Structures are given as C-alpha cells and as structure tokens.
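Notes follow once the structure below has been shown.
Which chain is which? They are A, B, C, D, E, F, G and H, in the order written, and residues in each are numbered from 1.
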Amino acid sequence: MIETDISRLIIEQYTQRMTEHLDNDVVIVGAGPAGLAAGYYLAKSKVKVTIIEKKLSIGGGIWGGAAGYNVVTFEDTQILEEIGVTTQKHGQLYTADAIEFATALAYKTKKAGTEIFNLLEAEDIVLKDETVKGIVVNNASASTLGLHIDPFCICAKYMIDATGHPAELVSMLRQRKPELFPTELLEYFMNVETSEAGVVEKTGEVFPGLYIAGMAVCDVYNLPRMGPIFGGMLKSGKKVAELIYERLRSSNT
Amino acid sequence: MIETDISRLIIEQYTQRMTEHLDNDVVIVGAGPAGLAAGYYLAKSKVKVTIIEKKLSIGGGIWGGAAGYNVVTFEDTQILEEIGVTTQKHGQLYTADAIEFATALAYKTKKAGTEIFNLLEAEDIVLKDETVKGIVVNNASASTLGLHIDPFCICAKYMIDATGHPAELVSMLRQRKPELFPTELLEYFMNVETSEAGVVEKTGEVFPGLYIAGMAVCDVYNLPRMGPIFGGMLKSGKKVAELIYERLRSSNT
Amino acid sequence: MIETDISRLIIEQYTQRMTEHLDNDVVIVGAGPAGLAAGYYLAKSKVKVTIIEKKLSIGGGIWGGAAGYNVVTFEDTQILEEIGVTTQKHGQLYTADAIEFATALAYKTKKAGTEIFNLLEAEDIVLKDETVKGIVVNNASASTLGLHIDPFCICAKYMIDATGHPAELVSMLRQRKPELFPTELLEYFMNVETSEAGVVEKTGEVFPGLYIAGMAVCDVYNLPRMGPIFGGMLKSGKKVAELIYERLRSSNT
Amino acid sequence: MIETDISRLIIEQYTQRMTEHLDNDVVIVGAGPAGLAAGYYLAKSKVKVTIIEKKLSIGGGIWGGAAGYNVVTFEDTQILEEIGVTTQKHGQLYTADAIEFATALAYKTKKAGTEIFNLLEAEDIVLKDETVKGIVVNNASASTLGLHIDPFCICAKYMIDATGHPAELVSMLRQRKPELFPTELLEYFMNVETSEAGVVEKTGEVFPGLYIAGMAVCDVYNLPRMGPIFGGMLKSGKKVAELIYERLRSSNT
Amino acid sequence: MIETDISRLIIEQYTQRMTEHLDNDVVIVGAGPAGLAAGYYLAKSKVKVTIIEKKLSIGGGIWGGAAGYNVVTFEDTQILEEIGVTTQKHGQLYTADAIEFATALAYKTKKAGTEIFNLLEAEDIVLKDETVKGIVVNNASASTLGLHIDPFCICAKYMIDATGHPAELVSMLRQRKPELFPTELLEYFMNVETSEAGVVEKTGEVFPGLYIAGMAVCDVYNLPRMGPIFGGMLKSGKKVAELIYERLRSSNT
Amino acid sequence: MIETDISRLIIEQYTQRMTEHLDNDVVIVGAGPAGLAAGYYLAKSKVKVTIIEKKLSIGGGIWGGAAGYNVVTFEDTQILEEIGVTTQKHGQLYTADAIEFATALAYKTKKAGTEIFNLLEAEDIVLKDETVKGIVVNNASASTLGLHIDPFCICAKYMIDATGHPAELVSMLRQRKPELFPTELLEYFMNVETSEAGVVEKTGEVFPGLYIAGMAVCDVYNLPRMGPIFGGMLKSGKKVAELIYERLRSSNT
Amino acid sequence: MIETDISRLIIEQYTQRMTEHLDNDVVIVGAGPAGLAAGYYLAKSKVKVTIIEKKLSIGGGIWGGAAGYNVVTFEDTQILEEIGVTTQKHGQLYTADAIEFATALAYKTKKAGTEIFNLLEAEDIVLKDETVKGIVVNNASASTLGLHIDPFCICAKYMIDATGHPAELVSMLRQRKPELFPTELLEYFMNVETSEAGVVEKTGEVFPGLYIAGMAVCDVYNLPRMGPIFGGMLKSGKKVAELIYERLRSSNT
Amino acid sequence: MIETDISRLIIEQYTQRMTEHLDNDVVIVGAGPAGLAAGYYLAKSKVKVTIIEKKLSIGGGIWGGAAGYNVVTFEDTQILEEIGVTTQKHGQLYTADAIEFATALAYKTKKAGTEIFNLLEAEDIVLKDETVKGIVVNNASASTLGLHIDPFCICAKYMIDATGHPAELVSMLRQRKPELFPTELLEYFMNVETSEAGVVEKTGEVFPGLYIAGMAVCDVYNLPRMGPIFGGMLKSGKKVAELIYERLRSSNT
C-alpha cells in the first residue's frame, strides 16, 4: 500500500542519512545563528558536518527578534548578502526581518550540504585520550518526559559547542574537570560596543577536540552579552569554521 | 547609546510593518505548508497578504517529518522546484529533507512579499453584514498564561483558515452558527490515495469572506487525512491563492 | 570507533525490523495480557504479527496486581502452564506472582516470533473500501509533549484492538461512525462470575478488518468488568488469535 | 474600519510612548509602594522617569494587606494625605484600605507624569565603564513560557532597584561581582520598631548608576523586615527620588 | 508588642468591614470596568454596595490594553472626565493610558464609598422564593488549590453579575434552570459599531434580584464583542446603577 | 531486629483488619460528617461497618469551617453533646470549633467500632442481580498518578454513598443507567431554611443495596445546599444508620 | 437572613479567637504528634498556648501509619491511656489504629484548651534583643499560589518548633546565623533503639525564646530517625511542655 | 462472594511474602540489569534475596534500547545464553531485542527464587554499629505525591545499591558522611572500551554492609559510562552476587 511505501521510504531515508553521519569531520551542537553559520561555511568547504538540535524547529533565538518584535539588527551585511537576506540601512545599523533571516540561514546551510537532525539532545561527551571524540545523544523527549532510556553516539574529529548561553558541552566538561574552567560559565552584562569583537576573538578550541562559537563563547570567557544584534554570531560561526577547516586540511596533508 | 538605538529601530520597524498590515487584501491564519503556499502565490501576484502564526517558529507540522524522522514525501515536484527544494525520486514518490522544505517554503514566501507575524493568536472573527471582515488577534502568551488582556484586529477583504486540524476560524463560526456546519469538524480516517484530490477540490470559500486551505479542508468536509505527504497542502494553498486572486482582480475592474 | 559501531548496529537493526513489519498479517495495538496472548498464539501459528505499545514497558495492567499488591489470580492454569508461570491453588482459585506473569507472557510472546515496538502510539486508522487496512502511528512522546509531528503507518490484513478500557481503535471508528456503536464504550459494573464468559464469547470482529480482545470487549459490549483475575484476558487473546488464524488460512487456500 | 483604527491608534500610541522612554533620566524596576513613590516624587520634580513592572497589574504587595485582610497600616500620614488616602487613627497607628492605597498611589504617580510599562521584565543590566547605564528588558511571558527570545534595552542616567525582596538588579550585579556583596541578599528577622528607620537610612546608591529603595534595601543590608506597615516604603521611595533629583540638578548646572 | 498591635488592628478592621457588609443593598461580582462603574455610581447615590473580586488586584481586563499595549480607547469622555482620566483625541476616538484608567476608576469607586473585597470568589447563589437573595462566596484559593472548604454568604437586595465573559452568576442559574437561557452564554463575533449600543440597551435584570452589566450582557444576549474600547462598559455600569437606584428609591417610598 | 518487628506488626495488623473487613454489613464511602455519623450510629448498634476514605486525613469538609475561618454552626446540639463537642449558643444558632468537631466525631466513630481505611478510593460498584453488592476500590494514588493498576473489592449487604457533592457511587450508577437518574446530579442553590429538612427527609435507599446520606442527597434530589451548618449532615448520617439497622434486624429475624 | 447570620457568627468567632491569641505564653508551629502533645500538656497546666498548622487537617505524619498501613506502634502506653487510645500488646511493642491516635490526640489537645489555627504558615521569626518574640505567619495559600501578600504576627513568650524534619523555625535562624548551627539540619540514619532516648534528651531551648520538639530535634542534632513508632514524639512534646511550664512558673514568681 | 475471595487471597499472599522477606540475606535496591543479575545469581545459590523497585514495571533502562530504538548490544553472550536470550553476531558485537532481554532477565530472576516488590522506594538506611543493617522503604507514591507518611524497614545481612546513576543508597551515606566520598557521585564521560572492565573490577563493598553494582559503580568511582551495551551490567551483578555468596558461606561455617 502507498501508506506503507511512504512510511518505509521515510524511515529508510532517515536511517541512511543518520548512519552515514554517525562519523563526521565536525559535529555542531545547536542550530542557532552561530551553529548554522559554522555549518554553512564548513559545508561550503566540503567538510562532512552534522548539526544536532534538541528542538523541533531550527533557528534558536532568531525567530522572536527583540521581545517578540520580530526584527533583527546587524552592523554590516556581508554574510547576509551571501545568504540572500534583504536589509535596510538606518545610520550605522541594518535591520532585517527575523523570520527571513532564520529561514534563509537554515535553508542555505542545508543546501550547502550540512546534515541537520532535530529532536536530538546531547547528553554527554565521548572522551578518549583526553580528547573529545564525539557526543552522546538521545531523543530529546527522553529527558523532557523523564524516561529512562540509554543514548547513542555521534562522533567527529572536532565538536563545536554552539548551544548558546548554557554552553552545554563545556558545562559537561566543567562538571568533571572543574579546574579547567574556574569561573562560572556566565555571560557578562550587556555592552554592545565591546561584545562582538570579544566573541569573535575568543571563538576557538577550549579543550582538545572541542571548539566553541556564538554566545557559548560569552559564557565561557565571561564576555558581555549583546542582545538582538546578530553579526557577531555569524562571524563567530564563520571563524570557527575556518579554524577547523585549516586544521582538517593540514592534518590531511 | 547604541543599545537604545537598536531597541528603537526594532520597535519602530515592527510597528511600521504591523500598522501597515492592519488592513490587507488577505489575512492567512497559520504558517504551515498550506498557509505559506497561499501566501507565496498571493504575494507573487502582488496581493497584500499577511500571515498570523501563534507559535514562535514558522512551518507548522513540517519539521518532524513522520514521527520525528525528518523526511517528507511528495507525489510530484513542480512547486518544490519552484521554491528550490532538492528531491529524490523513489518509484512514484519523491522525498525531501523536512528542514530544507520548511525553511525554503517560508523563506521564499517571505521573499515574495508576504508579511508574517509570529506569536500572534487569532481569538475571534470580525463579522459585519454577515461577512467576515477581519480577525481578532492577541499575544499568544495571553491565552497560554491565562492573562486577562483584550485583543486587537487585523482586517482584510478575504481571510484564509489555514490552521490545520483544529480549523480554528471555522470552529469560531460553527460555535455561533452551528446550523452552517452540522457535522463535527473532523478529518476522516487516513487514505492517501483519495485524500489529496479531495483536499484540493474542496479548497475554497465556506462563508462570505472566509476561505479554507490545507488540512482545515479535511476537517470541514470530513475528508480522509494523508500523513507525511505534503503535495496536497501545497496545491491547496496554491488553489486558494488563485481563487482569491481572481476575485480580487474581478472586483478591482 | 566502537561507540559509533554500536549506534549503527542498533539503528540498522531497528530499522530493518521496523521496515520488515510495516506490512503484516496482523497488527495488535496494546501489549497488555490480551494483546500479548493474541500475539503469542498467532506467532506460534507462524502468522506475521506485530504489537504496538505506547508505554516504554510491556505488560499493561499486570504489574501492580490488585491496588499494588503484586499478586494475580486465575480460575484455571492451562495457558499459565504453557508459558511457564508457577501457580498456587487456593480452593477454586489460583494465584501467581504478577511480575512473573508479566515477564513470562511477554518473554514467551517475543520468543514465539511476535515483533513488539514500544513507545509507538496509534493515533488513527487507515480505512479503504470501508475496511480497516492499517493503523496510523506516531512517536508516543509527540502527543504527550504536544509536538506537531505527522505520523506514519503500519498495515496488516487484520487489526486487533487490545487497548483495554479506552478501546482506542473502536473509539476512533465510533467518533466518525457513531451509528455503528450507539452505546457509550464503557465496561459495566464488576461481576466476576459472569464477566469472563462474556468477554471470551464476544471477542471477535467488530468492523471489517478490526477485531477486539480483552477489556476492550467489555467496553464495546458494556460487559461487566472483572478485576485482578486474568484468565479471561488470556482466553480472549487466544480466541482472537484462533479466529484470525482460521480466516488467514481459509483466504490462503 | 473602526476596528483597525482602534488597533492602529493603540499600537502607535504605545510605540510612541515606548520609543520616547528608551532614554530616561531614571528607570525604576518594580511598581510596588517604594517604586511608585519614587516615581511620584521624581515626576513631580519634572524628572523623566519610567517604571518597569513584570506583572500585568501595578501595586506589588499592597493589594492583599496582611494575609489577605486587605487593610494596611502606617505610623504617620503625611504622604498619604498628599496622595489622597483616607486613614483612621488607632493609638499610634493609622489604617487605610489596601485597595484605596494601591490605586491612589499608582494613579497619582501616573498623573504626576511617570511613564509605566507593565508586562516587561528586567533580565539584565547594561554596564559600561563600570557604571550601570540601562536595563535589559524582555516580554515577561518569554521567561515564564521558556521562549528563547532576545531582549531590548531601556536606558537612563540612574536606575532604581525597587524589586522588593529579590533585589533583582543587585542580584545580577552580585552574580558577576560577588566580592561587592559578600553577604547573602536577605532581609533579617521581623522587627517593626527598628526596620523603618533602617530602610530609609540605607536607601541610596550601591554601585555607580544603581540605587536601591524599599524592601530591596533590607535584602542588601540584611535589615529587619517589617510586615504590613508601609510608611517606610513610601519614605524610602521619596528619599531615593530626592537623592537622584539633587544629583541630576547638580550635574545639570 | 507593636507587631501584634498591627496584626490586631488589621484583622479587626477587616472583620468590622466584612461583617458590616454581609447585608447590602447591592452586591457586585467582578471588579472590572463595568463592575467598578456600577459601584461608583451606586455609592455616589449613597447606596450600600459591595464588590467581590476573586483576583488579588482590581481592574479586570483594563491593565493590558490591547494585547499588552497598555493603551485603551473610548468614543466619548464624559465619564472619564468625571473620574479624572486624561485623554487624547484622535479623530472620532479618544485614547487613555490603561494603568491610569484602571487606577483612577478603582480609586474613585473606593472613595465614593464602595466596599471592595478581593480574593473572594462567588461559588453559588442564595435563592429564596425564586428570587436571588445573595451570593455564596469562598476564599478564592480554595477552588484553585482544590481544598474542600465550605463557603459563607454575602447578601443584598440586588445582585449584579459583572463577571465579564463567563457571566458566572447567570451560568449558575442556567445550570439549574436551562429553560431560562436556551442559547449558550457566548458573546458574538466582534463588531465595534453595533456592540456598544447593544450592551447598554440590554443591561438590566435577567432574573428576580439579578442584574447583568458589561461583557456579561454580551454573553447572555449573544451580542457582538468590542475589543479594547471601554465606553460601553462604563455606560453599562452606569445604567445598571441607575436602574437599581430607581428601584431601591421606589421601594423605600 | 526491632525495625523489622515494627514493620511486621504493622503490616500484619493492617492485613488482619483489612481481610476481616472485606465482607461487612455496611460499607460507607466517604469519611465526612455524614459518613462518620452513619458509621458512629451503626457501630454503636453493633453492626459491622467499614468506612473508605480516599484522602490521607479524615473529616471531609469540616476542617476549614467557612472559607478557612475554622468555626462551624448548628441549629441544635443533641448529637454534639453525645460525641462531646463544646458549643456556644448565639440566638438560634450554636457554634463549635471546626477542629474539635472533626476530631471528636472521627474519634468517637472509631471508638464505637467502625473500621476506617484511608487512602482507598472507590472506582466502581459490584453489581449482581441488579443489586449493589460491594465496591471496587483501589489505592487512591493509582488514579492520581495515572498508574495502570487493577482494583480489589470490599463487599457488604448495604452500601452508603457519603461522598458529598460528587455523589460518586450514584454517578457510577447513572453513567450506565441514565434512565434511573434523569436530572443531572447537582445540588440546588443555597437556602439554609429549607435544606436541612430536605436532606434528612430524602436520606435513604436509591437503588437496591445503595443508600445515600449527606450532601450526596442534595445532588441526587437537586435539593438546596446549606453551607457551614452541619446539623443536617449529622442527622442524615444518623437516619441512614437507623434505616439500615432496621433492615438488617428484620432480615436477621 | 440566616445565611448572613451564620456568616457573621463564624467570622466574628474566628476573629475573636484569633485576636485573643495574637499574644500567648507559647506558640507551637506544627500540629503533628510532638506539637499536639506539647499543646496538650501546656494547656492542661493552664498555659495560654496556640498551635499554627499550615495544612487544612491536623495530625501531621500520623494518619498513614507506615507506608499507608494505618497502624502505629509504641514502646509504652502511659500517654496513650491518658488520651484514651486503645492499644494491643505484641511482645515489647504496642499497636494502635493511626486514625484513632491522630483524632484522640488532637481532640484531647483542643479540649484541654489549646487554640489551633490551621491553614496558617510560619514564614519568619520576630526577633528583638536577640530573642525570639513571635512568628510571622501568612495564609498558607499565599506561598503555594505565589501570591505577593504581606504576613502578620503571632507572638509569645516562648516558641516551639514542632515542624518535623524541615525544622522550619530553626532553618530560618540558621539562614541568617549559620554560625549557630554549623552542621546541616538533617536527621541521621534510622536506628530505633537509640533514637527515642536521644530525641527526648535533646528536646529543649536552642536559642533564646525558641524550643524544639519532635523530629525537629533529630534534624538539629543529627540524631537517628525512628519510623512509625511514636512514643518519642509524645515524650518530647511532654518534656518541652514541662520545661516551658517551669520557666513560666519561675518567671511569674 | 468470589470478589472478596479474590481480594482476600491477593492481600494475604502479598502480606505473607512481604512479612517473610522483612529479614533477608540480601536486599537489592533497583531492578535494572545489574540488580536483576545479582538477584538471579544469589537466588540460584539459594540465598534469601529481595529486590525493591520504585517503578511499577521491572527492567530499568533496558526497555528503550538506544534513544528508543529497542535493541541492545553485548560483547559476549555467556550470561545471555544462560537466561535464554536470542542474539545475533555482528563482527565483535552481539545484538538482542531489548524487550526480550528485559523480560527474560526478570522472568528467570523471579523463577530462580528472588522476591521482587515493585512500587516501593528506598528512602533511607538502617545503620547500627556503623554497619548498614537494612533499608527504610515507603510506598513510592508517597514521595511523588508529597504525602506525609512514615516508612517501614526491610533488613538484610548485606545490601546492594543497584540504583544506577543516582547511586541512591551511597548518596544517603555521603549526605551524612561526606568525608567517605569526597568526589561528587558522577559517572565519567563515555568510553566504551574502558568502561566495562572498570565497572566489574570496582564492583564490591563500599561501606560495612553495603555493596554496589552496575552503573552505581561508575558514579561512585567516577568511571566512564558506556551506553546501550549491557554486558558490564550483567557481569557486575554476577560479581557482586559471588562476593556476597562467599561472605555468607564463610560466615555460616
């Protein structure tokens, strides 16, 4: 029957994509602006990259703009032009529609070749030889519903924590190795002027195999938060992609 | 300060867009596949159209594919090609990535000129001279949190109920005019072979000023449901757009 | 890495089993005593049979005995002996440990060849030519969490509603065809003396393609309920298995 | 249509008021008795002042009197007479109706020129040059519903934390600068005789740009709490208004 | 000790007010705009009147304006001027600050002599000789927390149901006397042009001893709702006050 | 060890009492004032009687007096004197402390020989030969927690529904035999003058084997409710005891 | 009307009792076995004593016996005989019915003259001259429902913390004066042989004006817990009554 | 009647089993794979052993396989063959059906003679002479529902903490004796290669009378977790059984 044909097709396609992406060059946790941008630039460079997102929908904190006014701002438009987002100039700032920005970024990231799995939650890290080798994932509903279910693993050469303010992967590291991160993982007070440069500068590797990008960088280095201005997120995502791409390229030669 | 400049820009941009779209040619309630497709084709025809969505993110039931396997199926690919979604052919069926489909459809709809407001919930209908003239909307959190707050109105020449299974606008009609819809609003058992044709055929006006599209059609006419095969949704959205466009055009001449 | 090898093995094994069982001779909804017994006897007769259970664990209402006193009773022991459950005789009644009964029944049913999928919920029926052709299933967490996700289908020649008191599949039929089931689906007052015979007698087909077994029979025919005495459940499961087996055999010849 | 005229008027009026008050002389967080009194006296002195309140209604802990007996007490009546609240004398104490007190205070504060926005929650501080320059606000439903939405900013020359026992703004400071507030933010045991004088005396600036008033003072300095006697709250609000007014006046000359 | 002096004063004052107001000329249930206006005009005419409100704060649906934009509109300003609310004229409409309107109305109603008890919920009606003689009230937390606690009674010559859309008192009548109110208690679709006149016209007595005012009138007579324009509420409150005042006056002579 | 000695003693004592009381002359469901009074008078007459209460504590709606003011009233004191409750006379009425009344009544009922099991919930009726023969009970936490656990049975010659407003046993009857109770089970409006006599008069058998007492009588016969005056409850409990005692006596001779 | 007569009587009686007991010799927080026993012996000695209980019913942890088996045990019966509880002897131990024990103890305590207020929660301490002078109480629903309502005070010469395992009053002390109670407030592992003697021995004053009794003693001194054997609770309550009585007597001479 | 015969039988059988097992050789807390394996091997050696499980069903984290894919893996099959589980070989790994594994293990453990009580929760430890002598248990619904009910005790010569990641019994020890377990009880990052050997090696006694097995070992010794590969759990359960059996045997001689 066509009903079972459809069911079989979907399950097989999903399984094929999932089993092909159990081993990756890069796994990104979190499909917000920084994670998507990292995925976009890695995939454009032909890196095998997978994003894990625990929510049903993709886009993180973009959709609501500021307090539900669904408009977002930027200080420049280079990456936005690349992904096809219309902007308006107002003095030094540019505005864009939040829904257009969220969908353009996710769409272009997918089109570039990034694999994205939603409804999957990272619950731990695979660690060998003091190097992060993968993430332990579970159906996101298991923790929400308190179901006692074991996880599985998705592995990669490099992992990116793009989970935003919780900095979830770094938190897991810090829980068992508190000496590595002596200050609380916590963004600093808002200061738009200094935050973007700080986030981009500190984007990088924090432990063998584990990179951070986006607001997770603010948490780990106690940098100022920035509010509904998203340029720093995109640049941080782009930078982490470039750092890892260089590393992959040099290790392949 | 730049912090207040950003805040002012966002609030003013949003208010400008919102007040410009309090009067429309068409208002669509629900940003799922049928509502987005209707918005896409109406906007392409230069119709002034606004979509209202109560959730924070856009895309309705697309994101999860079937039971969370994020793959969707289609019986043909014409509209998908138009909006730039990659498909794979498997016998009579085509598959696509659910996230790519959701974001491509929303992105192209926005790019075509549709205005979309998320976090707004339709709580009633404006009715004059026995004709639907607009919808009564509220902050979606007001009903979720049980806050006693009055609504405001967004009006249009024609309204589309694209709210899916609840058929929310038709339900409001039926509550006060039960004689118009004597059978319960309820989709019939699943039958993929007959559902798509039925949904498209019955897409149209159900009360002066009120059209229905997508799964709301199944509810109103007790048609079979179809599951994770989305062609009928797109065609229903396209058809309702064409019906209203013709009507607008003829009334303008 | 071994972590991804394990993950790949599990996902592929599950997918293979699932896709193999999208088409079946029989699908049973509900892994309580009647559903398990039906599966056991069908599998013993080499019928291709799959059980769908929405909970994480199998066994339905057996585990708690009466009010949490985890002991169950029977009026005879024939089926219990067949599946290896120790009983004690007390006058006309036999007792057994509830945990032993639950695990023995599920274990022997699985060993006999029944496929069992937990965490899957039936949310509708596939109906063609006024015959039930399959069930529409979804990840059970989708409805619990209110996630808007489409379902998929598992089909069979015959379906058994073994969902107990809610009589879930029959309820779906009744919602759209109330004339078929004019009285409310509701078990009658308790009366142990008359209930067992009634349940077994009325076990059978209630609509083309749809059989009922166990407490669902009480609901559909308003028969007396029985409490923590489980013989009727086993006999009803056995009877429905025999009825369907005969029908399959005759249609194959 | 009049329905959209009403909607447009309301949205535009609100936006005008909001964008005019993104930059202020003073922003007060919390519309309880101390925050309202501070707003009243600042506005009377022609200071540009805005109050942010996360609840839908204004008045904080006044409405319920003591344990729901809606009567409040005072040790003198000077400010009450100024805002038009009827009192009764009983020995050394005066009583008033809680509802009359709450509405008179809020009404007169509004009439004096204070701008008040309800349903807005302070979620962080804007900090530059080690000085508090503004507050980061969000729709109060975002945190209640766990929606991932970015905030915006409302700025001022001086900020007043009138949030009562949580001392929310001071808590944000203390979380990142624990050395500034070495003792836990916590009011001391009740002692009516000593509390009022203590609260008023300690009302003032606790960090460059940040003042405290009302019960937040008790929390920061571990002073005794006082219960349903509200004179100290009004005097603390009046004092903080005078302190800031002097500072604004001297910096303007 | 002063702590117990304060406690004693508050409890005794409250008890004195409560016991004095167990028998009234009029009891109003609901402290929204219509209930407060009714109380204001009754008290001005020296009628003994008590308002019961189940929430902690007073003002009903005024505080949030439209969808949280805290601005309200009116078609004329006569009553507003009487209670001291500042308005702005915009074409045919007037706007006012929602917080100013809520607090001015409640403050003036209290000042006029109305007794208001918050945190009390009407749970039934006292009925004798087929006439409503009082209301059965309880601590509003009892029903919220599911505590099994008996109520007490507050009586009056006339009762006003100003509970808004639920029309709570009329619902209690309708539950036991469905023949009196054959249509569902439900406001009709929004239509600002016709709603105000309809509400005011239909304000009046619906059963011996029971009057209705405000949105409850829309529910009972299935009249159009109106949204964030509050003139009809005030006029309905004023009208019900006048009707009852006349009746009281004529019965006293 | 003494710890297991204590455990053994408690479990054995409870089991002995429970198994001794699986067959009774009378089972009362609900340990509020009417149920306790019925138990008291039956036990005094040496009838074997058991009370089932789903809550952890005994006393039903007595504890909170009126709206939490823990005082109760009576029109006479005969039964109160018998059970040792101190009263005060105020005109035609008597008051007593609610806690004293609750504990005196429960204590004396227990002392008189009534067996009481708390934390047990009646979930159905045992019906044979169109006569109620017992009740189906379960651990009250099973339904609260949604645990799928079977019940057990406690039987008697006569059952008393003393469950108050829900009239739980009668509701079970009515659900399967709606023709027996054509009007909704619902107390009428409050009217203290007529309610007590009505409740006592109508106390009695409503179906072979099933008696009602207390507020359940109001529900079944749509009689006026009465509020925090408890004489009718005691008299209804006493009357049902007398009716059943007579019946038991006559059937024994 | 009689309805308002009843209401007035109840409110006035309650208010009279409450205002009479705002100043006491002793206030006990917690109406479990230790608190009730303390109240019983103090009232027998003509001490003015009030118990505050946050639940609706009285009796604390007695009602459920052990794990819901409603039987309790004792090592001797002297106090039980005094309050009229029937016991059975089993070797070294005595059993009693839990419901009889709870109601007898509460009934006799009330009869002896103790005033008991239920539904009142202690939320803080009144402290003057480094001595506990009273407790700060609130409607227990205020904290449950998160309502922002101020408390009132009930004062006494001596306070008894009989709140059981939380040791609520001592916790309030420890929060502001952690140096007084350096170890966590936590009962030790169960050891029935040593626990009773320990609890009774350590019962006494822990801070000027504040005594502890019952399981709170275990928490403060980290003594072993004991389970469903209640002799120690009664003896601790009796001892604290004797200690305070002696102190009151000596201070009166 | 047969209904009460069934009830009596079940309650008596349960009570007999429970009172017989209040004193044991071994009590195991937790019926997951390690606890069941320990019970299986102890019972096979004729040790008197009881398992306590707080859930209604048995099997712990087995049922869901990995993320709901109900398949489990093993590195060898010796124990699986012993308990009758069908496996498939894939390179170095074996797979089995999760439901078959859960039910086979529980069934064989029960058949071997282990007593299992579900719905019972360990809430503390009995400690005498610095040796664990038993566990303090309660109805699991008491803590879930927040009911204030005392526990009872189940004792044994040796206790096994097989509660998995929470390591509940060890946590209770650590709370009162933090010096014994200076590091947080927390499994380390996943590393399948090293985890199994570590868990088995460290299985053993951690405090006089208290053994640990299964994932609790990972928590106590901060060993790597392993995911859905269950060989280590079975071996740890077998080892702890052997260790205790040797100890019991040597102490008996």
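Keep this in mind: contacts are C-beta pairs under 8 Å (C-beta built on N, C-alpha and C of every residue); 3 or more make two chains touch, one makes a residue touch a chain.
Computed from a predicted model, the values in this text were never measured in an experiment.
*Asks:* Spell out the chains that contact chain D while also contacting chain G.
*Replies:* In this structure, the chains that contact chain G and also chain D are E.
*Asks:* Validating interface symmetry: for the copies chain A and chain D, is the fraction of residue numbers used by both over half? Same or different.
*Replies:* different
*Asks:* Decide which interface, F-H or B-C, involves more C-beta pairs in contact, and give its chain pair.
*Replies:* Answer by contact count: F-H.
*Asks:* Which one of the chains is farthest from chain B, going by Cα centres?
*Replies:* G
*Asks:* From the centre of chain H, which chain's CA centre is farthest?
*Replies:* Farthest chain from chain H, going by C-alpha centroids: E.
*Asks:* Which of these, F-H, E-G or B-E, makes the same contacts as D-G in over half of the contact pairs?
*Replies:* Comparing residue numbers across F-H, E-G or B-E, the repeat of D-G turns out to be B-E.
*Asks:* Quick one: chain E and chain H, Cα centre-to-centre, how many Å?
*Replies:* Each chain's C-alpha centroid was found; their separation is 62 Å.
*Asks:* Would you mind pulling out the distance in Å between where the CA atoms of chain D average out and where those of chain F do?
*Replies:* 53
*Asks:* From the mean C-alpha coordinate of chain C to that of chain E, what's the distance rounded to whole Å?
*Replies:* 55
*Asks:* Could you list which residues of chain B touch at least two other chains?
*Replies:* 3, 6-7, 10-11, 56, 63-66, 68-69, 126, 134, 139, 147-149, 152-153, 190, 193, 227-228
*Asks:* Chain pairs in touch?
*Replies:* A-B, A-C, A-D, A-H, B-C, B-D, B-E, C-F, C-H, D-E, D-G, E-F, E-G, F-G, F-H, G-H
*Asks:* Would you mind writing out the residues of chain H in touch with chain F in their complex?
*Replies:* 1, 3-4, 6-8, 10-12, 15, 18-19, 22-23, 56, 126, 133-134, 139, 141, 144-145, 147-149, 152-155
*Asks:* Report the residues of chain E in contact with chain D in the complex, numbered from low to high.
*Replies:* Within the complex, chain E touches chain D at residues 2-3, 5-7, 9-11, 13-14, 17, 56-59, 63-66, 68-73, 84, 86, 88, 90-93, 95, 97, 99-100, 102-104, 106-107, 110-111, 116-119, 139, 190, 192-193, 227-229.
*Asks:* Which stretch or stretches of chain G touch chain D in the complex?
*Replies:* Contact set of chain G toward chain D: 120, 124-128, 134, 136-139, 142, 147-153, 172, 175-176.
*Asks:* Can you name the residues of chain A that touch chain D in the complex?
*Replies:* Contacts found on chain A: 60-61, 63-69, 164, 186, 188-191, 193, 222, 224-225, 227-228.
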